[in-house]
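In the part that follows, the structures are each spelled out as structure tokens.
Same chain, two partners: subunit A is paired with subunit B first, then with subunit C.
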Partner chain A sequence: MFEYAPAPESRAIVDIRSSYGLFIDGEFVDGEHLNKSVNPATEEVLAEVTWAGSEDVDRAVRAARKAYEKVWGPMPGRDRAKYLFRIARLIQERSRELAVLESLDNGKPIKESRDVDLPLVAAHFFYYAGWADKLPHAGFGPDPQPLGVAAQVIPWNFPLLMLAWKIAPALAAGNTVVLKPAETTPLTALLFAEICQQADLPAGVVNIVTGAGDTGRALVEHPGVDKVAFTGSTEVGRAIARSVAGTRKKLTLELGGKAANIVFDDAPIDQAVEGIVNGIFFNQGHVCCAGSRLLVQESVAEQVLESLKRRMALLRVGDPLDKNTDIGAINSADQLARIRELSDAGSAEGAERWSPPCELPERGFWFAPTIFTGVTQAHRVAREEIFGPVLSVLTFRTPAEAVEKANNTPYGLSAGIWTDKGSRILWMADRLRAGVVWANTFNKFDPTSPFGGYKESGYGREGGRHGLEGYLNV
Partner chain B sequence: MTATATSARSDLSGLGRSETALRTFLHGLPGVDQVGAEQRAAQLGTRSIKTTAKAQAIDLAIRMVDLTTLEGADTPGKVRALAAKALRPDPADPSCPHVGAVCVYPAMVPHVAEVLAGSGVHLASVATAFPSGQAPLEVKLADTRAAVAAGADEIDMVINRGAFLSGRFKEVYDEIVATKEACGDAHLKVILETGELATYDNVRRASWLAMLAGGDFIKTSTGKVPVAATLPVTLVMLEAVRDFRDATGRQVGVKPAGGIKTTKDAIKYLVMVNETVGADWLDPDWFRFGASSLLNDLLMQRTKLTTGVYSGPDYFTLD
Partner chain C sequence: MSERVAVRKTYKLFIGGKFPRSESGRSYLVQSANVSLASRKDARDAVVAARAAVKGWAGATAYNRGQILYRVAEMLEGRREQFVALGVPADEVDAAIDRWVWYAGWSDKLPQVYGGANPVAGPYFNLSAPEPTGVVAVVAPEQPALLGLVSVIAPAIVTGNTVVVAASPAQPLAAVTLAEVLATSDLPGGVVNILTGKITETAPALAGHMDVNAIDLTGVTDPSLATELEVKAAENLKRVLRPAPADHDWSADPGITRMTALLETKTVWHPKGT
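Right after this comes the complex of A and B.
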């Protein structure tokens, strides 16, 4: 047998400070309450990070307002573009550093942060930098205006990428931002703040306030905010929608999902199996658009499952910094507990659970890739978002049944179709109530392509020309 | 086609009797999505093979090399030198393993046979009017018999691409069966010339056709057309041998040939074998590299690993 020797990426490239303040008005300022950010793969403390209180948030919003009125709002689009291009280039130059830090803080494998996250982050800044001086051609009237100060709250699954999805279009459109990264993954956002300084971005245009739910609440409820953008759970999204109701604030929400990945009997099976694996095990399944429900046509179900199990046995779970790791650590103890609870419910409700033999490290938060077969629409594992490496397998007989099952969920973020028949792809895509429908691929992202949900997966679109709309007064 | 390992083996031997049965079967194989296959191959190419794993991979790759020379300018002296190199690739280091086989034109077989006799290094010869295959069947079979009679224990044949591409599957099948018979005890490697088959669907069908007709190995290319072995083509062929063994119980080898020049390339192929068909194929009996310049790069990397310093091409023999 061909065993791969450890191939760890060096963490020496990134310099982590022992503690971080808040990034307000172009400077790091010390706060009062410090909390620890840990490496979920080892439970080692990486740094202490300030949790901003409402006064800190207020200072950040005022700094953003001042920068909006004095500098960033009046600045011609072509000049804003120069800053964004500069940031994009700095991200590329420092991408190894950012990738290592992302893997340390989040637990995702280095090959993902290196090959997926960071290239997409830079691509988003490049893409929206290009729009900054072309807003009159974006289809929102001859002279669309920015909104003002954007409050942005992002999740822990793609810390830096979600930051890019939020900050790049906001800045391109002429807004200033106050961004709150997730409490378990604040470090790359703070390194991004250093990049803003390095790029000479005017003070106050980007403010980063770290903290947990209370900080987020103070930020979205702040009266000085014109726009709220949130990516995270549907539950928190609802609370935010309630709190901004009746105010002038414009809101976009990108929430949970329970996507159907639909495999027809004429699908290219080997590639479909890759797509299933990528759909649910990419980023440990911490993906809102993960293909967490596999709908496979009865006549090929056995064959697909067998190939899938063979493929899953090859997944390498372990040290996120090893370049050969496919599945890293679960981001936090809380999330691990939730994955365990839902998986146990799956077993208790009678679904059959299977994981490949795999040795999990003793320290840190880990969960083996898991599939449930014999799942029905009524099982919790088929309805609730698990946000972990857990796949529920259901079968269908006819295309109409596939559509019915795929749509029978409160969510509607994404869906996948696997078939060699072009006409069936179009027929299905017309009927699936999901914001993104992938055909013969999955989890494919591009800054030019709009992304967002139907139903309880949220509203508003991020990415592409459409992504500008949420940050313009239209 | 991925029948369960426990289910009864399928009897596919009757398929070759009728054009219709062959066509229905080959067109019923699951399709290959080009984007997906290329993406998977590229992903496997990013594996990082270092230190002990690299040393292990290099030695395995050396044992898998079919050291090849297929030039009009080949001389008895040149092929003898090549055969000597096959036996002891690195004269300075006796721990270096010998290669898998030497591969030459039929006329050169007797000269190589003298050198390799009793060594364990196989002697492969291309036959069947290599590389074009554009000769009457009788000539191709005579070519094969002559090579075997002169001492070749492996025959690399080319399929009739014209017949395959125009859908005359039975003609291709019958030629492979006839060549296999002409081989006698010699192993038959069937060259699909994937660069001329154009699509991965065709590669999969040709792979199955060659296996159904009795080929012991399927091989990508002659090395004589612009597109030779690629990672995605090899991936599709590996999936085919895996599925064929699941369906019939018979294991078939795979040989990418042409364009594999560096240790880095070779290791990517080994990773692909490891993660597509597994350890059963990580053996010179089941996986070979058709290559000439690859060996020297493997030797240089091997020297680097054992001595810690880079060597230069001048320290290794050309043939």
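Right after this comes the complex of A and C.
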């Protein structure tokens, strides 16, 4: 491994306040319960953030309702579009600031927040901005209508990107929103609130209520919301589906995954290995569509594993703000405990564990990139979503067996195929029960491309023309 | 010469292309006939049959599925009088026939209308296409007995789903007779399965079944039952179509939402390069 001098991105670009209130009706309002948001790479406290109670949530929903009825609903689409374009531009202008804050609060490498998250966030607003005055052409009838107030609850793995996936289509379609960011990563959403102010977005169109599970529950169960959109674990998704039963709230869910990344013997091995690494170690494996099950054809298994291990030894784990860092910090102590528990179960159940020699910082939450070989389909590491940098390796002999194993999961979010044979890609793609299939690539995202799962990975699509459907009365 | 003694029909369930009695051996008297009273076990058997039929039906070409739905219309046309004799108004039978024809034409068009290429910002081929969600449980509307039934079955199966239908308890004869039409229309066994009996008995079994992908609650009129079924459906995150409003106009243009609600969108990426 080459020795690189540290190349830290400056954090001076971000001005973090010591404490944040809730963003309701266009203003920051102080709440009662303050909690700390920490930098997972150092355990340093970044700021104190308000955890909204049910009364705060109620105020936010009422502000959103008023804005929907008085301002945003009646506003012509072309004007809604202009506000969204404005927001897209402001995000581009302040992208480094947002990227640094994202890496500080989340622990992801600056390389990813700067080059993946932020460009996609801006692109998402830019894309949906253009839909705001073209809804009659979206294929949902001549005059599709917004739903009203959208309650949106997002996870901590891509805090700002998930915010964009939720807010941009909702606003383009004419809804107003109350969004709850994850309790461990609230800061970029609060900076986004400042951007809404800077854009002169009418008060109440976007409301941000920070907090944990109780805040989220109060929001999705509020009788004043017309739409619930949730990204997170399947377990919480199920609870939300139960809680909206019997109401007329429209629900979209983007939940867990346990994607198979399938490598055939004719695949270009080096490219496939890059894809495997990107599939599971991108964003520390905190990715619902991560390629967490490697299915490799038996005849090349040894060769692929050897290359993979060689490649893994070159991954740099460490300071998220260092521009050379490949793998940053695990987002929280809780998540680290979960990854450890499942990895220990992998060893206990008889799979063979391997990590490259890798020095981890003493403070903060860290987990070395890890693979398990000799994994069977019955092992917990092959069945349960680990949501960390842990790859389970299984083998197969025939394409039919690969399909059987890939689909042998209650999830169905994504899948990967690596082969040089075009007809086999299409044959496999037809049979894989997953919402996104990456062939000879992995973890690619685009605002025009619908994303979402089959089976227990949830329902509804985000992105593209399809992404409007969840926010219209169709 | 004595008058000829008519041969009466036994009304049974329709599961896997066959007409079994309820495994429970029960029936109930309705519309002057003894109709099978399906049990939870019958519901589970119907799901097994529906699941077994998914691979062939979803894998059939859209052209093939379209022709088979059209064939259903042909067979129904030939049995108009039979439905009228059961008390279905003639114009309702006509509307039901026309609805099969309308949906038949959708099989090879919906993927073009609902899917397509996505202009991603990079050198990638990127295509979204709809796919059937799998096995769909359907609570058919209580009325109109035939048009309502056809209007919930056709949009589910035209895209490649298979269905288990809980027929209207008060007017099951049209459903069983429709099963006879389906059985003679080249529709593979198990694509449509029809249960007669109590909704309160079969629907909860279907809503809680872990091998059912979606549930259409259109015909559920009791709000508390609808909520109960939706809660059960959450267990494996079934796609849910909520009950239709009581004043729903079944003769109106159905639009495409009944079809799209039971579809998954699959997006495939591939790099471009030399």
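Here, the second predicted complex is superposed on the first by the 472 of 474 C-alpha atoms of A that agree within 3 Å, B and C clash if a C-alpha of one lies under 4 Å from a C-alpha of the other, contacts with A are read in each partner's own complex, and residues count from 1 in each chain.
Everything below uses one rule, namely that contacts are C-beta pairs under 8 Å (C-beta built on N, C-alpha and C of every residue); 3 or more make two chains touch, one makes a residue touch a chain.
The shown structure was predicted, so the numbers you read here are calculated from the model rather than taken from an experiment.
Visitor: Superposed on subunit A, are subunit B and subunit C clashing or fitting side by side?
Guide: fit
Visitor: Check the residue A:Ala7 against both partner chains and state whether it touches subunit B (first), subunit C (second), both, or neither.
Guide: The answer is first: A:Ala7 touches subunit B but not subunit C.
Visitor: Between subunit B (first) and subunit C (second), which, if any, makes contact with A:Glu306: first, second, both or neither?
Guide: The answer is first: A:Glu306 touches subunit B but not subunit C.
Visitor: By the touch definition at the top of the document, which applies to A:Asn440: first (subunit B), second (subunit C), both, or neither?
Guide: After superposition on chain A, A:Asn440 lies in contact with both partners, subunit B and subunit C.
Visitor: If you stack the two complexes on chain A, which partner ends up touching A:Asn324: first (subunit B), second (subunit C), both, or neither?
Guide: A:Asn324 sits against subunit B, while subunit C stays out of touch.
Visitor: Go through the superposed model and pick first if A:Gly26 touches only subunit B, second if only subunit C, both, or neither.
Guide: So A:Gly26 meets neither subunit B nor subunit C here.
Visitor: For A:Pro109 in the superposed arrangement: first (subunit B), second (subunit C), both or neither?
Guide: A:Pro109 contacts neither subunit B nor subunit C.
Visitor: Once both structures sit on top of one another, what is the angle subunit B-subunit A-subunit C taken between CA centres, to the nearest 10 degrees?
Guide: Superposed on A, the angle at subunit A reads 120 degrees.
Visitor: Would you sort A:Pro40 into first (subunit B), second (subunit C), both or neither based on which partner it touches?
Guide: neither
Visitor: Does subunit C touch more residues of subunit A than subunit B does, or is it the other way round?
Guide: Per-residue touch count on subunit A favours C.
Visitor: If you've got the overlay open, could you tell me the nearest Cα approach between subunit B and subunit C in whole angstrom?
Guide: Minimum C-alpha separation, subunit B to subunit C, in the superposed model is 5 Å.
Visitor: Which subunit A residues contact subunit B in one complex and subunit C in the other?
Guide: Residues 440-441, which sit in both footprints.
Visitor: Can you tell me which positions in subunit B touch subunit A when the two form their complex?
Guide: Subunit B reaches subunit A through residues 2-4, 30-33, 35-37, 39-40, 46-54, 56-57, 60, 239, 270-271, 274-275, 279, 282.
Visitor: Which positions of subunit C touch subunit A when the two form their complex?
Guide: 113-114, 118-122, 124, 126, 128, 133, 213, 223-224, 226-227, 230-231, 233-237, 239, 242, 255, 257, 260, 264-271
Visitor: Over in the complex, which subunit A residues touch subunit B? Could you list them?
Guide: 1-7, 111, 115, 266-272, 274-275, 302-303, 306-307, 314, 323-324, 420, 440-441
Visitor: Note which residues of subunit A are touching subunit C in the complex, please.
Guide: On the subunit A side, the touching residues are 123, 139, 141, 234, 237-238, 241-242, 245-246, 248, 253, 255, 410, 425, 429, 434-441, 444, 446, 448-452, 454-456, 458-459, 461, 464, 466, 469, 474.
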